[in-house]
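Chain naming follows the written order as A, B, C, D, E and F, and within any one chain the residues start at number 1.
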């Protein structure tokens, strides 16, 4: 199969759809991989690394889309990319189509087969292609929150870690899935006083077994949320709303 | 030297001044050790064990006190023991003399040299003979407190451990010395939400390094104590007041 | 649906079938909830809290049973409650019917549909409504056992935690399910030398991975049980015998 | 003694020399405490809290300096404060005089007795009044560094925590004192791959005992520093240079 | 059923197919168990222990094979054992038939029903009878590797634990299944700098959650393996190749 | 000062008195360092590394000893080295003179000033130059012991780690100093059931605080040693006998 890795054109998107290691695995399995010039630069992966892994470098995205049977991207296609998609082509990327009717129409019109990473579901209900992003988002959340809590950033001047003899900051995490449990881990590591709420007792039990008295677990319902949220120095929302766009961690 | 280990006569005192292992060490070093018949029974140590360790068993305490140059006990002498003490004899035991003027007079009158365990102080300020009792008292405190918190015992019905999704009990410990840090350890192990207060920042730092976010450390002062104590399900006093009698863990 | 929460009338039963938070969730979902006057007092939950959560307070249990389509209780009905149950009514509570033929007959005679919490089984074989009680029972077991081991309670005078230089108490736990693993956690936290036996190697492996050399795991069979039990200071039975009544933790 | 707590006038200084709890302790000990109006606002401590603790509020700093026998501040006096100091007065604050000849002259000219927090040294060589600031600076360092490593902030796009299957960021800490060991703790908690260098083997041994294989310890010398620093994603300098000004954590 | 436990005749095989505890369980369930004289000696289990557990001791293996309906062994039959197997008999043992055509033919010719431990597969894909051997092999691997790294054994003179201020040895583990995760546990315990590679992200996530920054997890592919292996002081191969013979841990 | 680092000539001694990093530090401080050709080869440190660090390489040890004012070695001088030592020269090395009267005479005769690493004592009683060797010896002990416990090495066939459902090996460590606490750490990491005995309660308390119920601490005396040692699978002697030669870890 001919697999194409275009350069992402969305603003502030530094990721790339495949690393050189991934390219090499495909090539070892007999596939041909096209990589657009500079596709990996935002992630510190130069063209040479891709070439050494067996990829053919392509100067223009139009050429890549015209040849590739499977296009592996990160972000949804943007308008300049709509006309490049074609019938019979496979597109593999994050799509988050719910709030994007124009994109949806463009995909339908192109005749391509588009598979949204965030919808790939394993037999046990896990989302194997969404999970890695959730892990990263969850791990970043306390770090970003800690930044905005700094006095110099307009925050309350609360240090999550506290200090010996001084209370730590209070972090409340709504949801104990992939985002929430990764946020929990870093918030605990930063020394915060963390409370996590979830509607699934089995998740709370699993976290309770792992963290013991380093965290508080609470059954999530209207009342417990109303009681906890006002005392939070940092509130991390980590509930997956199916079909919704990924949340933004920094203010616009 | 002739060392004597009498049987304790104080009510509910089950301890003994020396184990057979201690006897053996002394005998190996060339001393003679007298043990009163039944002295170790309260601690599950039979006369045979003492005999095998090299002790000479003595039927009557009067005989023991008459011969021993050094008497090693647990508790302060009681009135029946006052006349057995004699000039030139060494007495080694817990005394807690501050609230005991009659005992103090009796000791002075006997002419013996009495060394109170609780006053033996190492070069670094530690109390090596009080510490083991403090370790035990501290480790028992949360267990005793947990008992009295049970609904069936007239308590609030709070389980220190809580449960997944349910808040644990709150334990506040005043003082982070030998008693406090041992109580802390068990209270944490029982799953409680523990706050410890001390006036010494170095102690708080040491506990903070060891326990991280499994506990809260607070600088002790009138205000912090006033704020914390009302929210405690279990309050453990662990401040050493020099000269005071050891506290009772169970209600009279 | 009209849901009724009666006050428990069994001696020494301080629990209630639903918290105000549960009531609120039901009310938010459009149900009507009746709560008997004083139903939550044993758990520190006043009538006001239920009213604020949207419940209608009912003075008499007869009125509650007459109106409620679903009755949510804690304990099995007692004889005074038998005549209140009626055909078409749903009863949701712990029943433990095996040793209770009279109760079983009364339920059959009433025509109600009774669902025993302890029999609700998830697809993976777990018992989601029995588990929370098992968690609490398991966490209480070492605390209760520690109490009865105290010399003053007629015990052996063994402190589970031991002390530096002194062996801790030995706890043997038969069964590594919900009760056993929660008992294990608290026994470890209290500093005991814990051995857990189970017939399921996968459970032993899971505990071995979690606790490492803080515990001993042993394959349960007649021989290993015979070898371990005699050396236990505290023996905790944690084997679920289907249909049996919940064990009593305190002597009658 | 009359103790005065002025409002800090240095730009971006939000701290205050004493909390209400500190005021209360002094007042309980018979001292009089003057607090300048608004002194605690930057730290979220209102005038009312000080008044309730027993302080007398003073409108003008001139009045406070004129009356107070002991002035407790945070930062070194600024030129507008120079004329307020007077002979016989005690000044207790951070001074960092080494790079501040003009301030030094002003203090000498005032005739006050100025004690720099950062020079108060305990018998064991510790700096009890510098340590709390070092603890906070150390705990903030990884959080601030993590922020600047974000791609959106112009950084390398390295997440300290890494992710399952992805290498974490590398943090190198020079110095294992109060700042270094607190930075270490948070960096480890954030999931980084941390190496700490120090010239004191005893410090390395202590950290090695505490953290085991969660960190790497290295003997600091020219060669090891040259080898480690180039591979660091985040380099934290934590060496105390006696007499130097406190480092700035954010770029000018 | 009549169950027979022969003595293993393979060189350097010290194991036995069943312990006395296993025998006792079978006997309690009504089975008859024959044990060959001396079968357990290599594992420190004397004939008396088997007899006390209810086994009938048999002098000759021929007699045992002639009577037993089920033969429970450890290792595959060797040529002297081939003629002892017979039609209708059940043989339960490790077989690893892939590289053993002669053995395979002998089994077929015997008419027995042979079940290879290593092929028994649970519903969830686990191999319950291979796992215990994998656990032991995995736990031994770092210990054996550490031995061969010693200078006196011709190794590099690397101590896995390192020392304070000195880098630990680097262990790379290929595969995070039963062998790999047990090897990992001991390698971490010995203080090594461990990297584990696997193709299954879920396994890496599970290990990452358990070990945090005590290990590195890496997605396994040609490139990551090429990069990691050259820097390893100790490389542990822990990939199950279905049908392959168990690896040898010591050089021939 | 002129510092000389000779090549060690003792059989099986692979160490060297100074690393290139140490050389560089001395050179940076203005000293001249002579290194004998090949001195570091046994430790994987080539002549080039020493030259780059600023050392002057010397072909013959005679030349080195003739010039160096300070000789830094690892092992005691052997007879061929006796005549190279000279009056006024400083010798810095491990000596362990107690069982070596001939060496002692040779040193006296040479007129050099010899300082034995193992006798350098810090103000707090620590032995800073013996400790690193003790750390390594302690960490190696369980690894070496585990090797000799293997069945194939003539041992009992005990795996220190045990396995899920199988008891781990029992390690008894006599002495909780530098060797003992490092041995303890690795033995615990290898999964053993470890008991450590020491005569100093403060050491036991420190280990008890650090390891909790992962180890047993026992007060060392004749009786406790007699009771524990017979049950040990691996016994590690870790008591420093002042003046004694370093113990051998492998059988002669």
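Just so it is clear, contacts are C-beta pairs under 8 Å (C-beta built on N, C-alpha and C of every residue); 3 or more make two chains touch, one makes a residue touch a chain.
Treat the numbers as computed from the prediction; the structure is a model and nothing was measured.
Of all chains in the assembly, those touching chain E and also chain F are C, D.
In terms of residue-numbered contacts, A-D and B-C present the same interface, as over half of their contact pairs agree; the other options in C-F, B-F or B-C do not.
Different-residue interface: chain B and chain F share under half of the residue numbers found at their contact.
Greatest centre-to-centre distance from chain A is found for B, with centres as Cα means. The mean-CA centres of chain A and chain E are about 40 angstrom from one another, to the nearest whole unit. A separation of 51 Å divides the Cα centre of chain A from that of chain F.
Chain D and chain E have Cα centroids separated by 56 Å. Counting only residues that touch two or more partner chains, chain F has 132, 135, 163-164, 185, 188, 191, 201, 205, 212, 219. Two chains count as a pair here when they touch; such pairs are A-B, A-C, A-D, A-E, B-C, B-D, B-F, C-E, C-F, D-E, D-F, E-F. Listing the residues of chain A that touch chain B in their complex gives 163-168, 188, 191-194, 201, 204-205, 207-208, 212-219.
Listed in rising order, the residues of chain A touching chain E in the complex are 20-22, 24-25, 28, 53, 126, 128, 131-132, 135, 185, 210. Contacts from chain A toward chain D in the complex involve residues 12, 14, 42-44, 132, 135-136, 139-140, 143-144, 146-147, 150-152, 156-157, 159-161, 163-164, 185-186, 188-191, 250. Those residues of chain C whose C-beta lies close enough to touch chain E in the complex are 201-202, 205, 209, 212, 219, 221-224.
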